[in-house]
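Alright, structures below, take your time with them.
Both of the next two complexes hold subunit A, though its partner changes from subunit B to subunit C.
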Partner chain A sequence: MNHQKPLIEINNLNVEYWQQGRWVQVIERLSLQVFPAETFGLVGESGCGKSTTANALLGFAPRGARYSSGEVWFEGQDLLRLKPSALQKVRGRKISLVPQNPTTALSPGMKVGNQVVEVLLNHAFSRSKEEARQRTIELFRRVSLKSPEAIFNKYPHQLSGGQQQRVVIAMALACDPQLIVLDEPTTGLDVTTQAQILDLLRDLRSQYGMAMFYITHNLGVVAQICTRIGVMYAGRLVEVAPTRTLFAKPTHPYTQGLIASVPRISAPSRRQSLLLKGILRRPDLPPGCQFAPRCDFAEEQCFSQAQQLIEVGPAHQAACWRWADIPAFKERLALSPIAIEPSLSASKPNDQPIVEVKHLQIGYGANRRERFLKRKPTIIVDDISFEVYPGETLALVGESGSGKTTVARALNGLTPYVRGEAKYAGRHDLTIAVDQRSEEILRSIQLIFQNPDASLNPRQRVSKIISRPLAKFFKVTGEAARERVERLLQDVRLDQSYYNRYPDELSGGERQRIAIARALAAEPDLLLCDEVLSALDVSVQANVLELLVELQSKRGISYLFISHDLAVVRSIAHHVGVLYAGTLCEFGKVEEVFNPPYHPYTDMLLKAAPEPDPDHVMPHTRTDIGLLDQSPNTACPFAPRCPVKVGEICEQITPPWQIASQSHRIRCHLTLDELLPRQNKDYELKIKESIE
Partner chain B sequence: MNIVIKTILSRVFLAILTLLAVSMFIFWAAEVLPGDIAARVLGREATEEAKQAFRERLNLDRPVHERYLIWLSGAVRGDFGHALASQRSISEVVGPRLKNTIFLALYAFILYVPITVFLATISALNRERPLDNAISLLTLIGLSLPEFVIGTLLIYIFAVNNPIFPVMANVQRAKSFWDAVRMTTLPAITLTIVMAVYSVRMLRDNLIEVLESDYVRMATLKGLPRWRVVFFHALPNALVPALNTMALNLAYLIGGVVIVEQVFVYPGLGTQLVEAVFLRDAPVIEAIALLVSLIYISANLFTDIFSILSNPRLRTG
Partner chain C sequence: MSSRVSSLQITQQTEGFNVRLKRLPPTMIIGGVILIIFLVIAFTAQVWAPYPAAKTGTGRPFENPSSKHLFGTDQLGRDVFSRVMLGTRIVLTLSLSSTLLATILGGLLGLSSGLIGGWFDQLIMRLVDIMISIPFLVLALLIIASAGPELSGGYFLIILAVAIVYTPRITRMARSVAIDLKTRDFVTVARARGESTLSIVWHELLPGATSVLLVEFGVRAGYAPIFIGSLGFLGFGVRPPTPEWGLMISENRSAIVSAPAALFSPGLALALLVVGLNLFTDGLARVLGRTVRPGA
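Up next, the complex of A and B:
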């Protein structure tokens, strides 16, 4: 397809890291080309060597890394063998970087404008300070930052995550580079912000025609933005193909599994046999194909014979010598049984809800001193009502800062200020603090945290971690406890060899299983799951999700599932509540919330979620749909961002609940008919207007 | 800017409160020194009338809290009364010593800050290479040597073996400013070593952390030259936490250098405080203790204010 000369070419690259007293190979025989004006996506799970590749493209060897062989050719020079002074002329000038986390990548003590000016002056791209200042403001305008002059004089901490990322993108664009390396540029951002940044990148690309090297673990994002994709596994490239080909005909078994593992909003059920098995264990990799231990089609030869990328179609290469024998992706998909299917409501109509919340208000800051000073608490969540039924999952979704986690903390009695009504099993008051709760309530409500690295005590063995609730709630110790712990380990599908391990000997997914086992040890009736999947890789995520569904059907536990990932929610929840700035704006059964009529905010979230399907066209979002303001002073908190705002009524009068069905309600001034997108010409028009 | 002014005002207010509390403690501590001051000053043979007159003159017959207030109101105006031993006014007695101490302190501080920053920076930039290891070893040796050993060693090398500097640093006899500088050099170097060994290690660790940070990596990958990365992105962020130690060191220089002063026979505040304690000269003790705590507290106050001003996060709220 591409007969032009590559812009940059990685040739047979080997990278090693110094780990525990020896050099460990992290990238092996990597060769790839990026052509002018194309967007090359590099996907893979954490630890596969994506960021190391990004460093190589900039000729950068971080501490403890070395390029043992290979070259990176750019403009006739090998970047890996360039002198520092020559490299400085390339970096930021011809090849620039947009790093993963803009919050930590901006210098905290320097105004953001000056950080861009610095690049321009350093590369003598602008001749004077004033010229550089003008260009910086112009760049800020190009990346759609509102009031660029004001932004120029801000410090990084004064900007939101989205604004920071725009500043970093402006910095990358500063000297009109030929290649921009983007290392997970939207990973820490909310879906809506992510959609805006993706939009911006597409616009910039069509205007300036620079090449992009886009690194991400998110298949949805690559599908939406890249023209060609490389899939990486354990430091090797296993498949390269144009985007459409890759998603239509993934050839390598790893790519197939990866694509099948991604939850989709449009197709919530998932096929079991395609999900990736096991995890990547770096130390036990075979000399041959590194994916062989996890592969369904591996033969003896796979373990010993190293794989090369071979042509499997036009512009399509895969590193699997058995590729022709592996059934096509679509066939495998059709044949395999369904692993996770969003079940319809498990509860019977006359079931009593396990948690019933009415007009709950949650806030912080009202401690004794402040009550004495008659200070009012800061209200985070206001007037929310919902029920959780036995054996069901209620998901709360929303952007960061919407108050999801606060709700979970309040139900656990961890927030200082709770007003309104919250009942557990119809009898127990949940508005009281954790230290005043009965043993029974403490036991039956358990919490699993987002980050298992931080929630497991690193100095305790797995056995100690899991047996602690047993001793506390059931007075089970000694041999009996050991048995119970082993059974719990089995329940989360870990074998007994984990019994004596420490958390840092485990992978992220294994740790999250331990956290789940610890919660299960208390035999809870309600599990509060706070973003439990967000720190995990897709394939691990799929497995943990499957585990949660299985445990629910076996034990009849209820979940309050907090997530920002709509696709995950779609595949696990029975009921969904959409939170915005601490208030509920839509509540209903999962199939009701994911189908029209939508609350305008739900609509926005759904449109912003990138689907792993290049044919699924993401609507062009407004370049600035604003940011979540945590305490908007409008009656409808969403009014300032709403594309279909009725008028002043939205700012002054609290919107009523529009009742769509017995279980489905939407809080909006628009009627249900008006909220149905297809039947409302006006709505579509307004959406269009807001785009232009 | 409002927040900054508010924060600074509250810090100043707290500092004044602290100083008051300290002054009470100092006064009380000097009071509990054993023995009748009148008897001590006038001698055992003094008549009861003479003692009584003495007590009245010094307000010793009044209740403690009244005496405290009288003392405090004097101290605020800079009048600490008279030394018991010499009967001269305190400002006359303490003044020249304070000047000497401040001279030595500034000298040492001017040496200390750049040396610390320089050594820490080259150490961090050459992390785990021979240069870093050498500096690390040297600072470790410095840390484990008591200051009088360092002082004595310096005297041995630079005053006895190679008589470049005088053995004794009697600055009061200095003929000119530069003569005073020459006399003070060895004690200043001793103090610099004492302070720098710890600070270099701390600043090196801070710098290493900052050099590993995302924003330093970003600055490098923007194509900035190494010196610019270090001076504009790494150092400013690594220095702020080190400021506190530096401020404490400044305070140490004023109040706690008794041993070094003794080694070099330097006429400073520390030596004077020790002398006053031997003589049970309460007014002198009180005056010096109050001065030293004033300097201690202000040094801390200034670093606080400086770190507020240098941190955009605190500055802009």
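Up next, the complex of A and C:
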């Protein structure tokens, strides 16, 4: 491929940002090429300079940024030195951008069709308004939007996230560009929607042959869509290789760690010594290799002298002095001990469950006045039953809007309307509100949220944050509290220097540890973890996950682990419940749920999850498999989207539980035999039909 | 991360204090200097003021400024310069303590009202609406008039009246902060822990509301001297012969042509104090506005 002429070439680029009164270098000597018709993936953790690179490809310098040196060559022109008027002819016309958040990318007060028409007319791609309109509708068809004429006249808020992203992609495609820059285009979307968008992009590439520059932090996504991958660390490219080579033979220690950190559905256990240590601390980067402080193989030379990208294999470059001495990835994997392994059930069969939920119904709205007016509350979660055993993890999975968080809030007594039965330790009623609960229950159940930015008070020091539960539950204050806070900090592997800091002086992973320490301070028996890993980078995620597992085995805490990430669930949970639109559709031990027979929805989720393995091919889901409807009026809520729907019966009769084993049940009209892998054939057949 | 650390925050960094002082808005520095001068006067005037405040006959009535009487004399021959200087302490005490009282009351009331919500919030807010609908002075006069003669003219009544007038406005501001903060996860965590309303207000909300309350305190304190002066001018403030500036303006207003200094010097002092307070709080609001953390 390398003998081809690159479509766009970044040459020795240096970018600086104005921070705290001086220029700080964020991208250093970056050189890369994108060839025609290839999909180049740029991966790295947050803050490594991915989006800055995307800006450079568009010749765009945001406020407070400057290109101190380097060029971006495109069609014989240096985009960084083009006049604004000339640049405008390139942007949107030859190189276009798909930004991360489609909600903010679309103008809220303008019909989406007109927004695309505007692009076409601006670049004089279409000669008349009518022509532009026709083309827009054609573009909407290309991005597989159903009924494009109707979509044309809609406003952004009338579309779902996936539809919005399709419109943005249509806009990027409008003038047949040669290069599309995609900046995390699926990050805010559900797995199922993500799978569809990825599929669409793959289709578009094969049909129209444009090049793509795909930025993401998700290794699963790059494995599925990119042909070549660049790995970025602290503003430098550390490795570039074709996708297959990169995943099979990662050479740079950072790449190795990154790939080892990603949880996989197919291989839940992970190797400890390969996990990345520490975090990226920009101020203390050595002049040499920036990864050296976190690297197991670093030598003196690594700290003092920077290595350039050098050839380490065919079309494979890495920036590491010691690449030849580092054992191959596969060997390192095989040699290192297992870090996280879903332990076998910790509980004995006759153990009493710590939480037992039967036919729970949870709703919002309907305060006293509304009840008086005979208004019914909106039911979010309906008729769910599950048990959590001591020392075990129950994971609840599902798309956003499936009611996962509502369940956690209800167990904490934070939802106004709870009916049904929920018992804690067999005695205490959990359907009562938080202000009626005994001190003992309040202490025993603690909550950790998704976003530590929001769950830690920005105006409280770490010491105060962690000592609040101590004061509340144990009346411990002063010197004794200090001692306990320091011990808790140790438990979450932070040292005492954190004692007096404010949350905004910490990184995301450190903040989440503080949130965990605060929950542990109450010495709980049950931790409700609401998407606690979602806001974190992969390597940080792996470390926090490891911490949670360790805490569980040491203290015997039970977790109710809420997540949309099946791979994470696979590596931590003992039991899994799959939620759809507020009802459970499958429940069982983790190995049972992740193996057939599946509920059709579980099947859909598993297929949609991108695995960080280029050989794992995702099935085609090109047609719109619909969206989660929070209040479906069918008896089986999944019926409208179900690829193996039996017929009328699904809409009219609530499906029965099919008992697969003592611990495994599936709620479906299909029998267990029908739910076995044969179903996949039906599924693929159905998809094939709908494409044709 | 450390970029967001407040420039006001005193840290043990090697960076000199001067560097940080330069980063403060100039209005704040000017206002601060004016305030410091007033504070120094308030604390030391007893020592160096040439005459006692109430001593009559230090000169002829309505003398014009001279080296003996820098600001001239009033109708009883009292030294206006001494009276203005000695009055500083009274004016500052009255305005700052009444505003402080209002900030504490309004802050607690507003934060709890916003946090609790429901009918309690409705009740408090309607009361606030009623009180805000009555003009400042009218409300203050109502309070003073209804307090009865034994309290009238006392510092306590004036402080209370001004505080009651200011409280509803501060309550509203504090409530809006509470409504914003109460949906944050850290408040949910505290509620899930079963913390009492008061402890959530105190530990979780108050730290986030301090910047708003501080600015609110400053803005209100900036107008309090005028307010108290107006009460004094109308005869509802402190009793003569207290050297309160508003009262002095009222007493000397007949001599506006013959001895303008006796009238204008307390007026100018009042104007200068208000300008100083406002410049300072304006700067403070900007500094705090800049350092309010994105999550806060």
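Rule of thumb we're sticking to: the second predicted complex is superposed on the first by the 675 of 692 C-alpha atoms of A that agree within 3 Å, B and C clash if a C-alpha of one lies under 4 Å from a C-alpha of the other, contacts with A are read in each partner's own complex, and residues count from 1 in each chain.
The rule is simple: contacts are C-beta pairs under 8 Å (C-beta built on N, C-alpha and C of every residue); 3 or more make two chains touch, one makes a residue touch a chain.
In this text, all values refer to a predicted model and were calculated from it rather than measured experimentally.
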Could you tell me if A:518 is touching subunit B, subunit C, both of them or neither one (first, second, both, neither)?
second
After lining up the shared chain so the two structures overlap, which partner does A:434 touch, if you call subunit B first and subunit C second: first, second, both or neither?
second
Touched partner set for A:447, first subunit B, second subunit C, both or neither:
second
Is A:503 in contact with subunit B, with subunit C, with both, or with neither (first, second, both, neither)?
second
Which partner chains sit in contact with A:463 here, subunit B, subunit C, both or neither? Use first/second/both/neither.
neither
Once the shared chain is lined up, is A:455 touching subunit B (first), subunit C (second), both, or neither of them?
second
Quick one: is A:11 in contact with subunit B, with subunit C, with both, or with neither? Answer first, second, both or neither.
neither
Under the stated touch criterion, which partner chain does A:46 make contact with: subunit B (first), subunit C (second), both, or neither?
neither
Show me the subunit A residues, by the header's touch rule, that subunit B contacts in one structure and subunit C contacts in the other.
none
Quick check: in the complex, which residue numbers of subunit A touch subunit C?
19-20, 412-414, 434-435, 437, 439, 442, 445-447, 449, 451, 453-460, 464, 468-469, 472-473, 503-506, 518, 522
Hey, which residues of subunit C end up touching subunit A in the complex?
1-5, 184-186, 188-195, 199, 203-204, 207-208, 210, 293, 295-296
Please give the residue numbers of subunit B that touch subunit A in the complex, ascending.
212-215, 217-226, 228, 232-233, 236-237, 310-313, 316
Touching residues on subunit A, where the partner in the complex is subunit B:
58, 60, 62-63, 84-85, 87-93, 96-97, 99, 101, 104-110, 118-119, 122-123, 155, 157-158, 168, 171
